[in-house]
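Here come two complexes built around chain A, the first alongside chain B, the second alongside chain C.
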Partner chain A sequence: MDQLFDVSLFAAALRMVAPILLAALGGAICARVGLFNVGLEGLILIGAFSAILGNYLTGSIAVAILFAMGFSLLFSLLLAYMSINLQANVIIVGIALNFLAAGLTTFALRAIFNVKGAYYDKDMKGLPKLDIPVLKDIPWLGDVLSGQSILVYAAIVIVIVLQFYLFRTVSGFRLLAAGENPVASRSLGLNVKKIQYAAVLISGALCGLAGAQLSLGNVTMFTEGMTNGRGFIALVATMLGQSNPIGVAGASMLFGFMEALSYRLQNFSVPSNITAMLPFVVTIIAMIFFKSSGYKNEAKKSSGSSR
Partner chain B sequence: MLLEMDSITKSYGLVRANQNVNFNLRKGEVHALIGENGAGKTTLMRILYGMESPTSGQIKIDGKPVTFHDPTDAIKHKIGMVHQHFMLFPAFSIAENIVIGGEPKKGIVFDRKQAIEQTIALSEQYGMPVDPKKKVADCSLGMQQRVEILKVLYQGAETIILDEPTGVLTPLEVKELLASIKALTAKGKSFIIISHKLSEIMEVSDRITVLRDGVVTGTVNASETNEEQLSRMMVGRELIKLERSEAKIGKPVLELNDVTIVGNKTKPLLEDVQFNVHEGEIVGVAGISGNGQSELLQAISGLMPIDRGTIALQEKNITGASVKMIRESGLAHIPEDRYLWGVSKEATVSDNGIMGHLSRTSKRGMLDGKAIRTLVSGWVERFGIKTGSLHTKAQYLSGGNLQKLIVAREIAQQTPFLIAAEPTRGVDVGAMEIIHGELLKRRDEGAAILLVSSELTEIMKLSDRILVMYEGKVVGELDAATATEEQISLLMAGGKAVGQA
Partner chain C sequence: MDKLKSTLQSLVQPLLAVLVGLLVGAIAILIVGGDILETYREMWKGAFGSFYFLTNTLARATPIILVGLGVALAFRAGFFNMGSEGQMVLGALSAALTALYIPGPGWVKIIAAFAAAVVVAGLWSALAGWLDSKFGMNLLITTLLLNYIATLFAGYMVAYPFKDRSGSAALSQTEMIDASVMLPKLFQGMTVHVGFIIAIVATLALHFFINSTTKGYEIRMLGGNPLFASYGGVSRGKLMVMSMFISGAFAGLAGVSEVLGTQYRFLDGSLTSANYAWSGIMATLLANSNPIGTAIASLLLAALQTGGMGVERNTDVPLEISSIIQAVLILFISAKFTISFIKRKKAGAKDGSAV
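Presenting the complex of A and B:
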């Protein structure tokens, strides 16, 4: 048991949490304006690929992160335009976006890198790891928390910023209002469309960061479909956390830990096909507890009046 | 003049919703705007609130011409509107709902503490008490309306437009609202009230403007008119006095025995309800809404299971039977919530019309277009349902016209038993006259009718017998011929029965 639950498991868990958490926060902010963003998976994939592309073209980590955010933002703009301006069903647009991302990244992988399946360059640098002074010297805790990639810390900061933004600021209050009752918000002269656009774009940027952590933090390579369902797990984390940043963080931790555990169990001669199911089994169990309460209401609100 | 609307015309294509309408408002006055559904009242007010722009005509405030592009312009000119369907955020607190759009802040931070203080100050200033921290979702409709009015006052409104303000309120809440309106006018606020409840209008307003088919048929002082004159101006003809013949009571059609629904609250939703409805009579159920009337109707129509007791229809035990079986046994149902139970908003007028009439409108599993058209267009004509065509979606009909469609459909079932729940909610006097006439006609044909209404006048006018419900129990049964409004009101409020029939 000691071997199973050792320090490196928890350090790995934190690493695994970051992409799920970043994307789930994006999902949460969309849910808060009444748009249920199922395109997270695709947006992360685009981010992951763009990060590698930026890195490949310039060799700079900063540019890689900007690439990831920029391209995911661009695709989220597509989602926003289709669902807000053209009034297309946001779930369908999200699903379409996922397929688009899968196809496009596979195609670009061949067109740009001239490889099939995966691109890997041993000279490519991953995200820098931060050693946090003082903290790193604390036994156990230091080993878990210190020495993570910058995006892991960014994710934690973003949780706090979002929590503050949504529940303390005037602008956040109006964002919540736009999701709560769009018709009433419009009658007050609030620009609901603008607020919805902002939320979708923020979620795009966050998914870009999630992708960068995936392709440059956890590993330094891109493989086709490397998101492997994380966007959907993030979606569950959004719902489980009731679209509250702190709640979402808690839910993401659970899923990240399960993912780390599933890798670890493979070292204990549990077949990898079985362990790979672990995060998804937990997801299903989580869904049973979550039932239908929140999300259906969210979906209703987006089209609803105050009647 | 505080506000003038000069020869306003609004056309939608060929339809003229308003035609050369003149309307004005003095400071501190209550000016009512009345008319039938579709007469153009709401259109005129939407123009004043900047939600629509007039095709021609001019709005003046304090004598100066103004143009409104959206509600924010109207709000800037101190005009506020409380919509018929409230524009509130159920998950937010009362204080948050009141200050939204003009939140007090410290830097970028929303100062909720100050919002609460401002709400308290405002509610004390105007004598409209609210609990600022309470969630709107937990408030009664009367309280929600108070929040709406405070919100408009917070936005700095001097002129307040109320669109059908009493439609959803209980009689007590209506009294409170009318008192608030009087108190606010004493403080110099001015009101425009859209309504078709003449008694309330007569009580609260100074002047009354009547619209018919988009044209003003007159502006009168409330002190110099009466309800009959107003009805004539609204409908454009004399209203026919309802002739009711002597009830010819036959055998019992619906029999309820000790019907009880326990529910999960401390008090049962329905407790030992026992009564019969006979052929040829209308039994009215009075009560403040939420005292078990909805549960009673759902129990009878099979939408809600009962825990104890029996229900029989046409001498057949229908306790626990399916809705389909109960309907086939002879029940038609004008439901209380037309959008929830009555229609599919997305479906067309003709599709909604044939619901429950499929055996008459289909042959060998295929719909019979000709039969459908004959059936539904017959109703449209007889009830004067205003609809673009039979293929218009139900959601584009006004509430009153939709109600007429439902009433027509259910009466046409020609069943021995009919439930009429709030049959005239939100409909104008002309339509009310038609619906009441049709219900009485069914009674004279020998049908048993159970009427549930929150309008006491409607209960008194139509019923042969009146049951009063209070906290899930039938607390009184009165003969409609001798019952007085005071007697019923007392029972509705939970008082002891005096002089039971």
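Presenting the complex of A and C:
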């Protein structure tokens, strides 16, 4: 057991939490304005690919992260325009976006890198690892928390910022109001459409960061469909955390830990097919304890129901 | 006359979408430095160029149609069943194992394999419906997650307990099924098999079920307006489990027809990498959950895919060009950005259905 739950497991867990957490925060802010963003998966995939592309073209990590955010932002704009302006069902658009992301990245992989399946360059630099002074000297805790990629810390900071923004600022309250009761908000003179746009775009940027962490955080490579369901797990984290940043962080921790554990168990001669199921099984079990609002309440919403 | 007019109008949207899809595809071809006309000519040839390629397209369309029909039924009831992939894989696995291990003559095995696939896939799908109606777990999410569990489980089954150890190949697959269980091909030497006939019959059956039976009406009512349906005495929970069972059963049919008609064994990853399930979901979206439309859209998507293979064989343009065109089609359709949409919006009617 000691071998199983050692320091490196928790460090790996934190690394795997980051993409789920970043995307889940994006999902949460969309959920807060009444949009169920199923497109997270595709947005992360776009982010992961663009990060590699930015890195490949310029060799700069900063540009790579900007690429990831930029392209994911562009795609979330598509989602926003279609679901808010054209009033298409946001879930269908989200699903379509996932298809588009999968198709575009595989095509671009062939067109730009001229490879099939995966692109890997051993000379490519990944995200820098930060050693936090003082913290890194604390036994155990230092080994877990220090030396993570910059985006892991960014994720933690964003949780706090978002929590403060949503529940302590005027503009945050407006955002909540726009989701809670769009009609009333409109009558108070709030521009609900603008607020929804902002929320979707923020989620796009966050998914871009999630993608960058995925493709540049641990290994520097891109594989087709490398998100492998993380966007959907992030959606569940959003729901479990009741779209509350700190709650979302808690749920993401659980799923990230399960993912790390599933990799770790492979070393204990458990078949990889069984261990890989772990995050998904735990996610489904976790959903039992979370009661979503009844379908009738959802059906009454103007933005369409997911159930 | 009015009927003709409305039929034509319902065709405007898909045709426009295809046009835009090809346009975006053309841009992608230009980007990789290909010749647009030549690429599209090769695509046409790859899909319909000869009798062989045509039947190839039909064979590919078979599982896509079946999956699409199941999804269409669930969508009509207002349920986002995204779990076709897992349902199909489990159906295929149970079909292969039944065909291998049930004793008896060929026709008994075939019936048993079909029954096993339909029941297993149906139950797996109904599980998600039950979880939603009982525990309020979001069906869209559970079906997505169950996909991963099902495919990983099937992979485990053929990598360990039921692995084919007869050959030298280290593939994760079951043994080959007996020749007496194989579904006959429709034409000598061609890939299309009896499964295609099953798919066509299923299309007509579902069309009849949705439009002409009481249960079908209840399903449409539930999807169109859940509140009205509840007022009208429709029990959502029961109907959800039932429609999810049928929906999964269709995916199971897709699985069994692939195993008995094309692959003759269950090979891990062969159904998922061919993207049958997701193509089926796309077809449903394209056809706005109309059964006959779903079958036509499935043929279109299958043609795009086999056409893409032709493009890959004969030009420098990668076959992924098809996935771009497909995704644009879906995106365009989902936006409902058409004349009819704008008209309806002007009339103030709001489409409350799931799709």
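Keep this in mind: the second predicted complex is superposed on the first by the 292 of 307 C-alpha atoms of A that agree within 3 Å, B and C clash if a C-alpha of one lies under 4 Å from a C-alpha of the other, contacts with A are read in each partner's own complex, and residues count from 1 in each chain.
What we mean here is this: a residue touches a chain if its C-beta (ideal position, glycine included) is under 8 Å from a C-beta of that chain, and two chains touch if they have at least 3 such contacts.
Since we're looking at a predicted model, the values are computed, not measured.
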| item | value |
| --- | --- |
| Joint occupancy of chain A by chain B and chain C, clash or fit | fit |
| Chain B versus chain C as contact partner of A:Ala184, first or second or both or neither | first |
| Chain B versus chain C, judged by how many residues of chain A each one touches | C |
| Contacts of A:Phe113 with chain B and chain C, given as first, second, both or neither | neither |
| Partner chain(s) touched by A:Ala96 [first = chain B, second = chain C, both, neither] | second |
| Touched partner set for A:Met277, first chain B, second chain C, both or neither | second |
| Partner chain(s) touched by A:Ala88 [first = chain B, second = chain C, both, neither] | second |
| First, second, both or neither for A:Tyr263, with chain B first and chain C second | neither |
| Angle at chain A between chain B and chain C, C-alpha centres, nearest 10 degrees | 80 |
| Minimum distance between Cα atoms of chain B and chain C in the superposition (Å) | 5 |
| Shared chain A contacts, counted only where both chain B and chain C touch the same residue | 305-307 |
| Footprint of chain B on chain A - complex, ascending | 168-174, 176-177, 180-181, 183-184, 187-190, 305-307 |
| Complex interface listing, chain C residues touching chain A | 28, 31-32, 78-80, 82, 131-132, 135-142, 144-146, 148-149, 152-153, 155-156, 159-160, 225-227, 230, 236, 278, 281-282, 285, 318, 320-321, 323-324, 326-328, 330-331, 333-337, 341, 345, 354-355 |
| Chain A to chain C touching residues, read off their complex | 38, 78, 82, 86-89, 91-93, 95-97, 99-100, 102-104, 106-107, 109-111, 229, 232-233, 235-236, 239, 271, 273-274, 276-277, 280-281, 283-284, 287-288, 290-292, 294-296, 299-300, 304-307 |
| Touch list for chain B against partner chain A, complex | 70-72, 75, 83, 85-92, 96, 100-101, 103, 105, 108-110, 339 |
